[in-house]
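Presented sequentially are two complexes of chain A, the first with chain B as partner and the second with chain C.
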Partner chain A sequence: MPNGRLGRSPNIVRSIGLVPAICYVVFALTPIALLTAYSVYAQSGYTFKPALDFGNYASGITGAGDMSLLGKTVVVMFAAAAVSTFIAYAVVYCVAIVVPRFLRGMMMIALFALFAGYLVRVFAWRILLGDEGIIATLAGHSHLLTAIGNLANTRWAVLLALVNFSVPLCILPIASTFSGLDRQLLGASRDLGAGPWVTFRGVVFPLTFRGAAFAFAIAFILCAGDYVTPALLGGMDGFMFASLIAQQFTLTFDWPLGAVLAIILMTTVVIVVSTVYLIIGTVARRMSGASATGAEVARRSAIMT
Partner chain B sequence: MAGRVGAIVLIGIVFVFLAAPIIVVVVFAFDSSARLALPYSGTSFRWFRAAFGNPMIADALGQSIKVGVAVGVLCMALGYAGARLMLSTSRATRILVGAGSAPSVFPALLIALSFAITLRTLGLRQGTMATILGQTLVALPFATVVLVGRLRGLDPSFAEASRDLGASAWRTFRLVTFPLIRGAVIAAGCLAMAISLDEFVIAFFTSGSSPTMPVVLWGLLRSTIDPTSNAVATVILGICSTLVITAIVQMGRDIDRV
Partner chain C sequence: MSHSEEAPKVLGSQAGAFTRRQFLGAAGAGVLSLTVLQSAMTTPAQASTGPSVGGTLNWLGWSGEDAEAQTKSWLAANHVTLNRTYMSGQSDILNALEVGKPLDLVNPYNGYISVLYDAGLIQPIDLSKVPNFSGLFSVIKHAKWLRSPKGEVLAVPDIWGDGPYIANPTHLPGAVPKSILGLADAKWHKQVVWLDDPYTTIYGFGTALKFPHPNMITREQLNQIIKAARPVMKNVVSIASGFSDAADLLIRGEASLSPIGWEAMLVQGQKAGAALVKGYFIDFGVAYCDNYAIPKASTNVDTAHAYINEVISARVNSAVATALQSGAVTRPAYNDLSTAEQKLYDYSIVDSSHPPVPIVISTPPQTPPKGIMGNTDWVKAWDGLKS
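== the complex of A and B ==
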């Protein structure tokens, strides 16, 4: 039977094509929809009844210390995501400038690191940190290493492990924008007399900031929702908002409150990520606009040569 | 020149920082001493023997492989369907499937809790089935992305020629399309299986009385500081890295073939 291959499908065929797409969405989004529904459920004992109980939100927001815990979580996770993005960006930049042929290989290593051993890599820091940890043993007279070794059971240990886990995640989008970067532009900028910093500011950063912003967003989302690292490495000091959410489901058995807290966390994450996108975009535009030897000049001369 | 050396030193430091945790876990799995501290006191397999002599851990390995294979197969089939939908000519379909990929950017905890609520609402029990479905939810977007990348580069005229010569849709898929995308399908399956084997959060909330390896490892980490957990971790790492390397190799293979 001839179908739409030779032209546009008739409407009825296209509508049938929607059915599997709708199934896909239902499968993927039902759980999130139910989580939202649960946030207004009423709780009595160990059962939850459908209701429109916005009191859950009130108790989530006014709950003892909830908001200050949220603030602490945002600060620590923001730092983790920012440091990871910075390290990943610096490494990718070095590779792209010094050994550009290694860029693809580095993406493979990052991909490999991403899918191998999440729990394993968190737990490794328990062996590395602490009084009898590897770092303390190796530190000798190095004050820096001694200080790192002493981080066990603090929020700093959480930060360290999360940075360690997020760097490969950040390398992937950044390396992919760098591999799309036209190398002629760099040569053109140099031929026009621009030093490395001017080239970076005027050409490289404006063309790669999107990768960095995306890397930050992914890392921040991942870190903000992580409760495994705080539980294994953080001790009392490292208790985070996600740990509080997990507690509602495993310990206190107040699922509606847990759902409310999860929604509060996601809303906060979305606000932070959109703000960062706005700021990085503005900075990138300023930087490229401010330098006369910037992208435009380099691009023009690249076209001419 | 100084800049070049500085750049290479920086690259080196970051790679050491990234590799350190994995190296430490693997090295201490083979250390014969019961203390997780330096100095290294000689190589032995006693912690692997201790781990797999424990029926709880051996069962978990079996369970992990069972769940992983199921998730891999499901993700190959659903990922192919999802990829076809994503490349569909209908705008509405593409938007819907795009919306369906949203969970891949949600924190795992959120997906796990949502899924636990879903199970409760539908009246399903925790167990193997629940773990398979939950992990499919997380792994599917990755499998779909791999297959979309491959299908996008595929010349549609092969399949069209096959259909015009009178082959059925299934025959066309079996003899023309599938051989051209075999590597990507295998890669998607391996990647999904690796994600499943390594996945902890969903499994923690869904596996109930039949835990997978990471859930058992979590238990060991909470209760003891003992190199047995390093042996378990090393086994997880070994299986996952084999799968990921296979996926990377297979992804490159299709491109060479055409």
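== the complex of A and C ==
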């Protein structure tokens, strides 16, 4: 029945499916296209005019201070994303292996942690690390706590706050991949005499590395564009590349240069995230390759079970 | 039975009852008659366009300077709705007007009026619609920064301040030096919180170095400023995003001095149980004046003028000055202040032929003459000092 209800459904579904694509084009790609257009405009006083001026790219790339600031920003944000991913992965792994039935509960807890609000957490860290904060109060004769208490207004305070904010975000994709992990493979690996490390290397990590890579990407992308946390916690070390971009739009009114710097940051983020994904994937494949025989046997054993 | 036969039964039970079409025709004729009658009764003077106050006023400026709390009765009596947007910096005004945000009133400080005028974004004030302008203190009433090169008044002041430093005396490492350059001393290490303000900073150090025109400096002078500021900036523990942020650090003892301050920080300290104090460097800190200006694209100009007049009336202006711990701009408003409020500021700054601290333009030109450093150069220098 070509004109029956069943015959019409695929077209309707296809049409409805276009809506998210259109939204993506409008709300994600269009602003980037506008930013790219602004990057070649020419600034004149307090206005800027349409032009095809690539001089801003030269200014943005060759400005020595700009690139060293970019490097500093990437180092701090990479560290924050890497530490967050590591912590999140370790936590999820422990829960998934020891008490897997709590995996979904842990995802909910991670979600609840995000309800606290971004600025609330930043100010909480400010109070915790302050000279009269709880850490300083408890420091007493403890050298470790004294050292932690001296972290206020430093790059380390920024790192702490970013990790605190990013870990719940990282937990979600990692937990999602772990929830799809076939536990029979773990049982088979154990039955074949593989210890925890071999099982992790040969079975768990190759099957869950994508979650870790995705978690890193989320954390890094969010951290790279953050300038509020460094401004509030970083003291004299709190000026980041994103702050420089904001300045072009709020202080110097150089929107074309601001657009160029934003594109440079976006490109840097894409390069870093892609590189990390390739590295993690390569490591995962090598890990699984090192115990390929064991993994293959475990897989066949699981199928037969 | 047709619908036409139904209709008379719906509208009336008697034969010859009013039909719907007849009703609409009569109503229309009645409205038309009333309109003609009203027009006929209007005198020629009323028929011409006079000032009309009412409607919505779209306002962009600093929190508290909208004066909505103080003008509630006036707004209600004149059927005006004040649609407020608070800004985080002067550039918000320029950005908003450039992208075409509909605004009727904006709130620039004295150094920003010329920026908006040069960008063609604000219109002259019709002083005949702001009679309270005549009551302004002499210094601000006759200020050059208030006027265009043609002498038109471009804005009306609403509050002013005098740029003190704010300190927490319980944490000070010693007496505050008279000169800003004294903060380079090692005992001030990690004792200073600095506001993220390139203009007050560079202008201030230019004043400390005795440059004749600290907002129009050469490359060589800017380099001298950077050299003088760097040892002081080494003692800075944090760059504050705003006055409240700086006060927070002073209250919690993480810093003991904020060279760029505002009297409202004293109130914040009081509420938190910290007795902050204010003082003045002999060579740093600028007096300023915030103003109301009317964008060229305003669609409610008469109401904007009327609101400005109300904001600088004695009752409202004294209430706003008290609420914001700032200076009142007119003598009648000053007289309405309490004795303590009157003593908060040295009013000779706005009411003397030789003010002790001038209200200056502390910002550089966006497009400077050859050899003079512009906005971008200042901001870049500030970025270098911060990192």
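Following the convention adopted for this analysis, the second predicted complex is superposed on the first by the 274 of 305 C-alpha atoms of A that agree within 3 Å, B and C clash if a C-alpha of one lies under 4 Å from a C-alpha of the other, contacts with A are read in each partner's own complex, and residues count from 1 in each chain.
As a working rule, a contact is a pair of C-beta atoms (placed from the backbone, for glycine too) under 8 Å apart; a residue touches a chain by one contact, two chains touch by 3 or more.
A quick note: this is a predicted structure, and the numbers were derived from the prediction, not measured.
When the two structures are aligned on the shared chain, A:F27 is found in touch with chain B, with no touch to chain C. By the touch criterion defined above, A:F115 reaches chain B but does not reach chain C.
When both complexes are overlaid on chain A, the residue A:V272 reaches neither chain B nor chain C. Residue contacts after overlaying the shared chain place A:A219 against neither chain B nor chain C.
Contacts of A:F249 after superposition: both chain B and chain C are touched.
Within the superposed three-chain model, A:A188 lies out of touch with both chain B and chain C [touch as defined at top]. Looking at the shared chain after the overlay, A:C170 reaches neither chain B nor chain C. Touch criterion met: A:G238 reaches chain C, while chain B stays clear of it.
When the two complexes are overlaid on their common chain A, residue A:A152 makes contact with chain C while staying clear of chain B.
After superposition on the shared chain, chain A has more residues touched by B, the comparison being chain B against chain C. Shared contact residues of chain A with chain B and chain C: 127, 132, 232, 249.
Across the interface of their complex, chain A is touched by residues 89, 91-92, 94-95, 98, 115, 118-119, 196, 198, 233, 236-239, 241, 245, 252-254, 366-367, 375-376, 379-380, 383-384, 386-387 of chain C. Taken in their complex, chain B has these residues touching chain A: 3-4, 7-8, 10-11, 14-15, 17-18, 20-22, 24-25, 28, 35-38, 78, 81-82, 85, 88-90, 92-93, 96-97, 99-103, 105-111, 113-118, 121, 137, 140, 160, 163, 191, 194-195, 198-201, 205, 214, 217-218, 221, 225, 229, 233, 236-237, 240-241, 243-245, 248.
Partner chain C is touched in their complex by these residues of chain A: 44-47, 65, 69, 127, 130-132, 152-153, 231-232, 235-239, 244, 247, 249-254. Within the complex formed with chain B, the chain A residues making contact are 4-5, 8-9, 14, 17-18, 20-22, 24-25, 27-32, 34-35, 38, 87, 90-91, 94-95, 97-99, 108-109, 111-113, 115-121, 123-128, 132-134, 137-138, 164, 167-168, 196, 218, 221-222, 224-228, 232, 242, 245-246, 249, 255, 258-259, 262, 265-266.
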